[in-house]
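Paired with chain B in one complex and with chain C in the other, chain A is shared by the two complexes that follow.
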Partner chain A sequence: MSTGTIATRTEFAHSAETSHAWAQTMAMSKRSIIAIVRQPALIIPSLIFPLFFAALGASSFNRATQLPGFPKVDSFLALTLAASVLQGVIFGSVTGGAALAVDIETGFFDRLLASPTSRVSILIGRLAGNALFGSVEALFFTLVMIPFGVNIRSGPAGIAVITLAGGLIGLSIGGFMAAMALRTGSAEAVQGVFPLLFVSMFFSSAFFPRETMQGIYRTIANYNPLSHLYEGMRDLVITGWSFDAVLKSLLIPVGIGFASIPLALLALRRRLRAV
Partner chain B sequence: MAVMSGTNANNDSPIYAEGLVRHFGDVKAVDGVDLQVNAGEVFGFLGPNGAGKSTTVRMLTTLLRPTAGVARVAGFDVVKEADQVRRRIGVALQDAAIDPLMTGHELLALQAVLYGIPKAKVRDRSRELLERVGLTGAADRRVGTYSGGMRRRLDLALSLIHQPTVLFLDEPTTGLDPMSRLALWEEVRRLNAEGTTVLLTTQYLEEADQLADRIAIIDHGKIVRQGEPRELKAQVGAPTLVITVPAGQLDQAREVLRSFGELRPTAEGSLGVGLSAGAEAVPAVVRSLDDSGMQVQHLALNEPSLDDVFAEATGYRLEGAASASGLPQAQGAEGGTGKRGRKRGANESASESA
Partner chain C sequence: MTSTSTSTFAHAPATRATTSRAASGLMMRGLRTITRLPSAFFPAMLMPIFQSVAFSGTFFAITHVPGFPTDRSINWFMPLGVLMGSAFAGVGLGFSLIRDLETGFFDRLRMSPAPRNSLILGPMYAAWFRSLFVAVVVAGVGFALGARLTGGVLGMVMLFGGAMGIATVATGWGLGLAFIFQDMRGAAIMQLGLFISMFLSTAQAPLSVMTGWLHGVASLNPITNILRMSRQGFVNHTVNGHTVGPGVTWHDTWGGLIAIVGLSVAAVIFARRGLNKLDA
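Up next is the complex of A and B:
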């Protein structure tokens, strides 16, 4: 072995010790974004299906906006924008969770674990990708619906909040999906959660205001945090700018994230201990 | 430690393990492995699927906690100082787990960040490695379009990004075509010549024979032989004469052969005998069989090989090994059931022959 080689080795070992978890997190998020961008077959459904549901809802239920208790809206489409955002983000988060599970299944996760990477960076990098995609989706749905008559009454500031909320929802739902992926190591198991999340939307005010619901359905919707999230985002669309709407739009996903991200970290710790 | 035969035995060796054990529930995947790999050595870890090779490697590379025992790699404890170990080792695991959506360049850049290599050096280092493994032209293509051999070579390049002092290669040539296998062997030799200590697991005897300075044979989680290939072959002793006679004459032929040396396990339908006099004794054996009225259909004199060492140590032969005497071969499954089934068959056959 040449002296030159020894010097280089020492240099690299030293620089590794001083490397930042931040750079590792950014590199991991870049990878997760590359994975999203290069798999159109996985991403297009998460952009198309929510729009399809929104179009279906608008054509079927537009006259429901005349029902007593229904907030004053220009169209049913304006009411369902928030639901479209959440549907898209759930799709995207399930895809992100499944990708993490695939990493575990194929051994790529082991490659990462065999390196001096911060374990938390592996998880946060993945979630950061989810968050970015969530923001892009929220902005996409908003911009697509504007030409179809959806008037965002809170203006560009409201669009910015909806976009940010999309990112936070991606982060928080992504936390649950990552926890599932780390717990099971199975992409199928992660994908199996999708119907459950989708059903939880129907037990909320995603498609109809709580005022139009009754009985146990309304009780569940009252306690479902998603109802309050939708209402915050919906108010930004149909009513205008208010701090209450902004707080609901941003703090509810943050609250969900306070539950899901520790759960994901716990699942990560458990997986690392199990090996 | 019974199996430790390396020189300069001490726990400052690049790879050192003592009493390494790993259980998965009731299954003892690794059962008291003692190992020492000296600096600058290529160490071959040989065994069938399910023998405990990969589990041992996973413990040494910090991916799996030992149930018992201690191991030090690059001078650091694999459990207590796992992060220090990770900074100094390169790992290419069994399945070349590489993200198919990324390009070779992107993966090298990612790996460089994970190891904290300064940005300014990443480009040069990547270029150097891609050139080294012959992937310069394919560097901007997605890995999903690579052949198996290209993936393995990229996997090797990724494991070398930080110039590790110790390199673990877990079955690096499994599934590769002969040309890719030879290219990878050449690269391992080159790395070793530059001073990298290599632990290589393989189920190919020829690979171990070609590359390893020393080998350990692992079976059922235990190391059953360890040493230099030449030494181990010498321990097996005399060459084996393998003959095939008509099925009805096997018992009679066995009696004749017994007078020339120790009978050795062979494949069903043939007989093997160790000839301490080597080739000089062959005419006498053939004459004797002829005098007894037996018709020799096929005859071969095989010098001891690692296959014989393996067979002598375990009682069966590795699948795909260049069989000296045609012994039944092990075809394992992780978890051991399949392998044990085959091994039992091999033993039965061996005892039948003997």
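Up next is the complex of A and C:
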């Protein structure tokens, strides 16, 4: 009887702890999203920048679509939608990582640690904010490009998959950025990673098809998961609905997340040990 | 009257010497940051290397479009990488200034008797050294990847001149924004501003290959002139859109020089006005 009572109390305490951790995670997510909304100067670039590059590519490379190796498309712009989603979400993730680093720099992170907040909720809350923002960005890019002649051949279901993929990319890339922020505690260092991330997209088929590449570049692009993620989303736009495209769009960011989120948790543990 | 004039004349070299000493000190500090916070500098140095390599590979097929002035994509994209790296070397000094503003170190500099001009010139000198370092490394990687210098030594002079020029412009831009924002919000705008202005030019494709709106914008963008000047040692020379062969020409140089001088003056004034506002 007494053992049963203790077990019940333990279960209750555990359940209450879980409930608190959940509430704290939600509160941290809410804070992260409010922080994004309150600072339009930070989010507008991540929305404008990819559209700018899409317009730039359409004007610079439209004549290249006649070259052998390019899929049949009405314009180069249709090829760039998926690349815009990738760029935008990566940019947004850097902003999210920098915001976490700013929390560390300003001492807010230490105040959170001094409070009875679940440690993991600090990180998960931030990543959840990234994921939501990623989804919003993906939907935004899709809706903006449609009036400019981009026809999403997979229809509304394809748009839903692209939106969901945007959230998953935000979560997975956000994990790397959070790891960097927690490791260095410097917003400057996190910001400095952006160009590298951006350029890493060029080692994929996000801008030109793999069929037009040669040698080592083609080999790297073949192995780069971003190529397959991009091609999944691209096929939803220019070819139509296919199970293969959906799987590529959703499972690849999940796979990246399996690497990045444990890395972020490890960085969090190291920082907590150092405090 | 005479004594005042004499005194003014006596002060001028002294002030110049003080400015120069203070600027040199700040330059050394700017260079030391490379080893003290490598995580902030090296991504900015690696980025142009990756960019040159990645663009050359990704956009390799663009050289097959009729009218493209070289058959080697690295010849087209390596000078862009050098200029981009130099620009980010300059903007990096803006990042450092933001850190100094946030930590209060810059307030201590303002309270010191260091002449105001040295607070601009010091980071500018550091940016030149950083940009030279970046230019040498990126060009070296470009040559290792098969870039072919068709314009001789003058071609390299043009490339390094363009790099130093763009570093000057980027430093002024970075410092000015740092004075305005005084926190890391400014960093995103510094990077974005540079990216946009550089890509609204012939960064990715020559004017003869472009279609649509970008052709008009790139024709007016002074960065196009700087890129034309910097690239001429690596691509075929064109007159009225027709390829006439390799070599450095005054025709492809003067526009770049004017653009560098004009943009540099505007950027330094922007930075100086930002500093004045901070003092007000």
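Definition applied: the second predicted complex is superposed on the first by the 256 of 275 C-alpha atoms of A that agree within 3 Å, B and C clash if a C-alpha of one lies under 4 Å from a C-alpha of the other, contacts with A are read in each partner's own complex, and residues count from 1 in each chain.
Simple rule for what comes next: a contact is a pair of C-beta atoms (placed from the backbone, for glycine too) under 8 Å apart; a residue touches a chain by one contact, two chains touch by 3 or more.
Keep in mind that this is a model prediction, so the values were computed, not measured.
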{"item": "Partner chain(s) touched by A:Leu263 [first = chain B, second = chain C, both, neither]", "value": "neither"}
{"item": "Touching partner for A:Met213 - first (chain B), second (chain C), both, neither", "value": "second"}
{"item": "Partner chain in contact with A:Pro195 - chain B first, chain C second, else both or neither", "value": "second"}
{"item": "Chain B versus chain C, judged by how many residues of chain A each one touches", "value": "C"}
{"item": "Partner chain in contact with A:Gln39 - chain B first, chain C second, else both or neither", "value": "both"}
{"item": "Touching partner for A:Arg111 - first (chain B), second (chain C), both, neither", "value": "first"}
{"item": "Touching partner for A:Ala160 - first (chain B), second (chain C), both, neither", "value": "neither"}
{"item": "Partner chain in contact with A:Gln24 - chain B first, chain C second, else both or neither", "value": "first"}
{"item": "First, second, both or neither for A:Leu247, with chain B first and chain C second", "value": "neither"}
{"item": "Partner chain(s) touched by A:Arg63 [first = chain B, second = chain C, both, neither]", "value": "second"}
{"item": "Common interface residues of chain A - those touching chain B in one complex and chain C in the other", "value": "39"}
{"item": "Chain C-facing residues of chain A, complex", "value": "39, 41-42, 45, 49, 52-53, 55-64, 67, 69, 95, 98, 102, 105, 184, 186-189, 191-196, 199-200, 202-203, 207-208, 212-218, 220-221"}
{"item": "Residue ranges of chain C in contact with chain A within the complex", "value": "37, 39-44, 46-47, 50-51, 54-62, 64-65, 88, 95, 98-99, 102, 184-185, 187-189, 191-192, 195-196, 199-200, 204-205, 209-215"}
{"item": "Residues of chain B touching chain A in the complex", "value": "40, 58, 61-65, 83, 86-89, 91, 93-95, 97-99, 101-102, 106, 109-111, 113-118, 142, 158, 162-165, 194-195"}
{"item": "Interfacial residue positions of chain A with respect to chain B in the complex", "value": "1-2, 5, 8-9, 12-13, 15-20, 23-24, 26-28, 30-31, 34-35, 38-39, 103, 106-108, 110-117, 275"}
